[in-house]
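What follows is a short report on a single structure.
Read from first to last, the chains carry the letters A, B, C and D; within each, the first residue is number 1.
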Amino acid sequence: MSKQIRAAIIGSTGYGGVELIRFLLHHPKVEITSVVSSSSAGESIAVGFPHLNHVMELDLDQVDIDVIQNKADVVFTATPSGVSSGLIPDLLAAGLKVIDLSGDYRLKSGELYEKWYKHTPPTEAHLQQAIYGLSEVFKEEIREAELLSNPGCYPTAASLGLIPALSMKRIDPKSIIIDAKSGASGAGRKLGLSVHYAELNENLKPYKVNQHQHIPEIEQTLSGIVNEQTTITFTTHLVPMTRGILCTMYADLLEPCNEQQLINEYRDYYKGRPFVRIRNKGSWPSTKEVSGSNYCDIGFSIDERTGRVTILSVIDNVVKGAAGQAIQNLNLMMGWDETTGLQMTPVYP
Amino acid sequence: MSKQIRAAIIGSTGYGGVELIRFLLHHPKVEITSVVSSSSAGESIAVGFPHLNHVMELDLDQVDIDVIQNKADVVFTATPSGVSSGLIPDLLAAGLKVIDLSGDYRLKSGELYEKWYKHTPPTEAHLQQAIYGLSEVFKEEIREAELLSNPGCYPTAASLGLIPALSMKRIDPKSIIIDAKSGASGAGRKLGLSVHYAELNENLKPYKVNQHQHIPEIEQTLSGIVNEQTTITFTTHLVPMTRGILCTMYADLLEPCNEQQLINEYRDYYKGRPFVRIRNKGSWPSTKEVSGSNYCDIGFSIDERTGRVTILSVIDNVVKGAAGQAIQNLNLMMGWDETTGLQMTPVYP
Amino acid sequence: MSKQIRAAIIGSTGYGGVELIRFLLHHPKVEITSVVSSSSAGESIAVGFPHLNHVMELDLDQVDIDVIQNKADVVFTATPSGVSSGLIPDLLAAGLKVIDLSGDYRLKSGELYEKWYKHTPPTEAHLQQAIYGLSEVFKEEIREAELLSNPGCYPTAASLGLIPALSMKRIDPKSIIIDAKSGASGAGRKLGLSVHYAELNENLKPYKVNQHQHIPEIEQTLSGIVNEQTTITFTTHLVPMTRGILCTMYADLLEPCNEQQLINEYRDYYKGRPFVRIRNKGSWPSTKEVSGSNYCDIGFSIDERTGRVTILSVIDNVVKGAAGQAIQNLNLMMGWDETTGLQMTPVYP
Amino acid sequence: MSKQIRAAIIGSTGYGGVELIRFLLHHPKVEITSVVSSSSAGESIAVGFPHLNHVMELDLDQVDIDVIQNKADVVFTATPSGVSSGLIPDLLAAGLKVIDLSGDYRLKSGELYEKWYKHTPPTEAHLQQAIYGLSEVFKEEIREAELLSNPGCYPTAASLGLIPALSMKRIDPKSIIIDAKSGASGAGRKLGLSVHYAELNENLKPYKVNQHQHIPEIEQTLSGIVNEQTTITFTTHLVPMTRGILCTMYADLLEPCNEQQLINEYRDYYKGRPFVRIRNKGSWPSTKEVSGSNYCDIGFSIDERTGRVTILSVIDNVVKGAAGQAIQNLNLMMGWDETTGLQMTPVYP
C-alpha cells in the first residue's frame, strides 16, 4: 500500500518524538521519511532507542530545511520551547504543514508567552496563524490549519474536563481549582535532579505551585469558552510513575444538579468524539486505564453538602497529551477519520 | 537501664504495629512486653516479619485481658475499626492506659461513626472519655488522657496544615478543599485489588471521592477550632509508593496577606513543637523529606490573582499518621519530653 | 472486512486474558465472539476492566461447551493450572482448536506434572497430543496442532536464549545456571502477600529457589535439543515492576569463541523469525525495550578469563511469555504470517 | 553528654554523605563538626537536603585541610573515585584518621586500580597502608587502621555471603558466579540517563556485564581467603528501586552437604557479629528486610540434582554497603562496641 503523505519529525529523540514514531508506524496513510536530531545526526535512531531495533532504523538527519522540504509534506516539531519558533517560519515558507508540540505557539499573546516561558515570542503573525489543536473542541478550525499548535499535556486533561460544564453554565468559572498530577515522562528525557530516580521514586513532589507555564494556556482556553477573563488556581505534582496525568478539579455548581445529569450532558457534548470516555456514576478514572492510548477518561462526584463538583480527568501525557493528539490533529487537517492510526487499546496492566 | 513502663501492642502484625515496635525499641523509657495477634498466636513475630530477626523475637500472644493486665501498663490497639471498641472497655476496666490507633473513638458522635464506619459505635461514655490525640494542638488534654484516640493519617496532615490559618482567621472555613494523596501502606497489610502490585504500580487512582471516613474527623476538628460547623471537600488518591501523605489544600484568604506573613504566623503557632517544620518561602515539602520520621512539613503558595492560598502538608502516614504520633501522645501522657524515642532523622533517599 | 475465524477466551478476566483481547482486537483475521469467566458471568468485561470501555464491552459468558462450540472455532484457555485440563477434553471433542496458556499440557510426563504442579495430570493421550508452542523452535509441529500448549513465561525467555548455543554445541549443558527475574504481573491478578503493593514496592525478592514449576519445562526442552537429560540451576526473583522478564544465564563454553561469532550464529539460527532480535556486541537488553511487544531480545558477554558466556534474554511476560506467543502460534496453526496482529512497537518509555 | 571525637565528612552532599549524617547524629560518641562540599560551600546543608531542616543545618565548608585539621579527629571521605586520593595524603599527614568510601584504596595493586578505575592510582605506600574494612572478616586489622578503605557495596554483600563457604572449603572457588542486583542509589546523586526516572522505572537493566570495577575487589578478597588467585563471573543489574542489593551466588559444592549444615557453619562463623543474620532453612532474604539498617541477611538453597549451592545475600547499599559499615569500622578503630550508633531496626514496609 502506498502511503499518502510523508512526515518528518524534528526532535525525534525525545519521548514525544519516539511516541510519534510508535503511532505513525501503524498509520495507514503516513510514512515517516525523516527523523531529525541535530545532536545525534548520522546515527540510526535505534542506537539510542534499542526498542526500535528491526522496527525503525532510519539514520537521524541534521536540521536542514531544504532536505526536509524534499522529504516531507508535514513536519512534527517536538523540540523544546524556544527552539521550534526558530524553525517554523522557514518550514512554513517552504510550503510544509507544521504540527508543533513545543508550546511556542499556544498563547495568542506574545507578552504572556514571554512572561511565562522566558523566551522571545514568535512573531504576532505566526501567533495569530497558529490553530490551537484541542481536537475535540476546535475541530472545525483544525481542519484548515497550516500551523497547528498542539496543546500542553495538563491543558488537554484540564480543558476536556472543564469545558462542557463551563459551556453549559454548570459551574462558576471564578471558582475553578485544578490539582494536577503527572508522571515523570512529562519532564522529558532531559536530565534533572527532580526526575533523578532516587529522588522521585517513593516520593510525591509538588512543583511550580501557581507558577506553571500551562496556567495561561488553560486560562486562555477557558476564557474563550465563557467569553470572559477567567483565572484558575493550579497546582502541579510529580508522581513516581512514568506515564499519566490526573487532574482533580473543583468548582462551585451554579445551581444544584446530580451526577447523572452531568454525565448525560458530557456524553452529549462529546458525542461522536471517540477519544473522550465519560465514566458511569460512582466510577472514577485512574491513569493506567488510558495508558498507551489516546483516550481521555472523565468522572464526577458532587457533594450536596458543599455544592461543589469534583471532576476527574485522566490522559496518557505522552499520547493524548502529546503525540497522539498531534496525529489526531493531522487526521483532521487531512480530512481523514480522526481515529486513523490511533486505535490502540490501553495497555493494562 | 531499667525501663519505666511496660507496653503491649494489640494488632502487632499490621504495619502500624511493626512501626510501633521499630520506634519503641529505641525508646529509653518503654519496654515492649507483649505483642498480640490472635491470628498468629504462639509464633515469633519475626516469622511473618523477618526484618525483626535478632531485633525482636517475642512470641505473639492471644488476646487475653488478664495476661495483658499482668504484662503491661499501657496498651496500643492497632486493630481494624470495629475491633478495638470490643476490647477497650475491658482494658480500661483493668486499669490500663489505652492508646487506640483504630478510629473507633475519634468521632464524638456515635451517629456519625455509624454512618461513616458502618459499625456499631462505642458507648457514649467512652466516646466522651476519649481524648483526641492531635499532639501539637491538644497537648493539655492529652496529658490527662486514660483513653487516647490517635488521629487518622489524613486528618493529621490536613489539620496540622489548616488549624493555624483557621485559628488566626486567615482563611474562610467554608472554602476549604483538601486534595489528599497517600501511599499504599495506608491501606494496611490486608489484601485487596486496589493495592495489588500490578494494579497500583504505574497508576494513580482516586478513591472514595467525597466519601472517605476521615471527612467527619477533619470536620469535627476544624469545627472545634472555628466554633462553627465546618464542611470540607475532600478527595483521596492512591499513589504508587509505600509511605507518605501529601495534602494539597485550598482556601480563600479572608484578606490579602503574603507568604512570609503566613510562614511567620505558623512558626509562632508551632513554637516549641519540634515535629512541625514550616518551610521557607518558595519551598514546598515532598513526602520523602519526612519518610521514616515523625515530622510534618508545611509549605505555602499564595496567588494574588485569585486571593487563594495553597497549603501543602506532608507526613509519613505510618509514623506521624499512626505509630509515631501514638508514641508522642504516650510521652505527653507520661509527662516526658514529647520527642523521647522519636528523634529519627528522615531516611533519604 | 469479514474476519476469518471466531475465537473464545476462557479465563478472560486475568492478565493473560485481557492481553489476548488487546492483541486480537487488532488482528485482521480473528474475531472475539465470546469472553468467558464463570465468576463474573453476565456482566460486561469492561466493568472489572474499565480500560476496555468503548473498546470491547462483551458480556462475560458462563463456561458452557455447547455455547462455546456454537460461537467459536478456536479457544484460548487462560485459566489457572489444574482448571484447563478439566475443560480441554470436551473442547477438543467438540471439534474446537485449543490453545492452552495454563501449563497443564507442557510436560510430557504426567508424573513430573504431578510432582511440580501438585495436581492430577491430564490423560497420557492428551499430553502426547499437545504440541509445545515455542514458536521459533517448533514451527513445523505447531502448524499441525489441534491442542497447542503455550510455553511458560520463564521457559520462553530461557529457552530462546539457550537453544542456539546448545544446538551449535557452544556450551556445556551440564553447566547451565539461569538467574531469572520477573515483574509482578507474572503472578496474575490473584491476591497474595508477595505481590501486595507495600510488600513488593522498593523490594527485590527471591522465591521458589530451585523449586519453580518451570524447571522441568525448561529441562524437557533443552534435553530434547541436546538429546540427553539436562539439569539446570534455576532461581526466580520478583522485581518491583509490572511487566518484564530478564533471564541472566551462565554456561561454560566448550571451546573459546568471541561474542561476534555467537551473535552471528544466533542471527543465523533466528533468520526469518522476526520476533527474536539479537543485540550488537556490547549492548545488552533491558525489559522495557520489549515492553508491550512480542519481541525477545538477546545479548551476550564472554569472559575469556573464566571461559564462561553470559546470555541475557528479555521478554514481556504478558506478551511473548503468554498472550502474544499464543496468537503467534494461532497464526502458525492457521497458516498465516506469524506476525499477523502482533506488529506492536514496544511502548517506550 | 560530651561526645568523644569530632568527625568531618568530605563529600557530604552525596547519598553516602547524608547517610553518614543520619547515623552519626544518633551516635553517642561522635560529633559532626564539619560537612564539606566544595560545590555548595557557604550554604546550609539543609538547603539541598530539606529532610535535614531542624535536624542538622551546618553550613557546608570548603575543602581546606587546615580547617578540617582544627575541627576534626576523623574524616570520612565520601567523594568520587579519583578525588579521595588527591586529599587523603594531606589528611593523614595532618594526623587525622581517615575512612575512605571512594574505592581509591581498595585494590592493593595500583596496576589493577588503573585498569578498572581509569584513574592514576594512589602511591604504593598508601595502598599498602590502607586497611580493607570488611568489618566482620578483618576485625583485628581494622582496630589498628589509620587509613581505612571501606568496601564497595557489591563486594560487601558478595564477600560476606561467600567467605564462610570458601574458608570452610565447602565450595569450589573456580565455580563462583555472582548475579548482583542493585537499586539506583548505588549510582549516587550524579545525573545520568541510566538512572533518569522514566528510563529506570518499570525497567530492569543489566550493565557493565563482566566489566564492573568491583570485580577485582571481590577477587582480591576471595583470593586472600583461599590463598590462590580466584576469578569470578560477575553481572550487575539496575533494579527499579532506590535502596538495596541482592547477590544471588552460585557455586559447586566440593562434596554433598545439606542446607542446615551450611546454616550452622555460617552461624558459627559469624558468631558474635551482630550485623550478619543467617536465615532459617527454606527462608530467603529480600532487600526490604534490611532496608535502612546495617544488617546483611544470608540464605541458602542446595540442589542435590546439580550439586550446586545458591547463596543469597542482601544489604542496604547505602548502609552496610557504605555509611553504616564506615561507622562500624570507626567503632572498631576506636575500640568501641561495633554496634554503637548503628542499632537501627530495618524500616518496614
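Heads up, the rule we're going with is that a contact is a pair of C-beta atoms (placed from the backbone, for glycine too) under 8 Å apart; a residue touches a chain by one contact, two chains touch by 3 or more.
A quick map from chain label to UniProt name: A, B, C, D = N-acetyl-gamma-glutamyl-phosphate reductase.
Since we're looking at a predicted model, the values are computed, not measured.
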Pair exhibiting more inter-chain C-beta contacts, A-C or C-D: C-D
Determine, using the mean of C-alpha atoms as each chain's centre, which chain is farthest from chain A. D
Distance from the mean Cα position of chain D to that of chain A, given in whole angstrom: 45
Centroid distance [mean C-alpha coordinates] between chain C and chain A, Å: 36
Once you find the CA centre of chain C and the CA centre of chain D, what distance in Å lies between them? 39
List, in ascending order, every residue of chain D touching at least 2 other chains. 15, 183, 185, 198-199, 201-202, 240-243, 285, 288, 291, 349
The residues of chain B that touch chain A in their complex are 177, 179, 181, 183, 198-199, 201-207, 209-211, 231-233, 235, 237, 239-244, 246, 248, 250, 284-288, 291, 299, 301-303, 305-306, 308, 310, 312, 314, 349
Report the residues of chain D in contact with chain B in the complex, numbered from low to high. 15, 18, 21-22, 25-26, 49-56, 185, 201-202, 242-243, 274, 277, 279, 283, 285, 288-293, 295, 297, 318, 343, 345-349
Considering only the defined contacts, which chain A positions touch chain D in the complex? 15, 183-185, 187, 189, 191-193, 195-202, 240-242
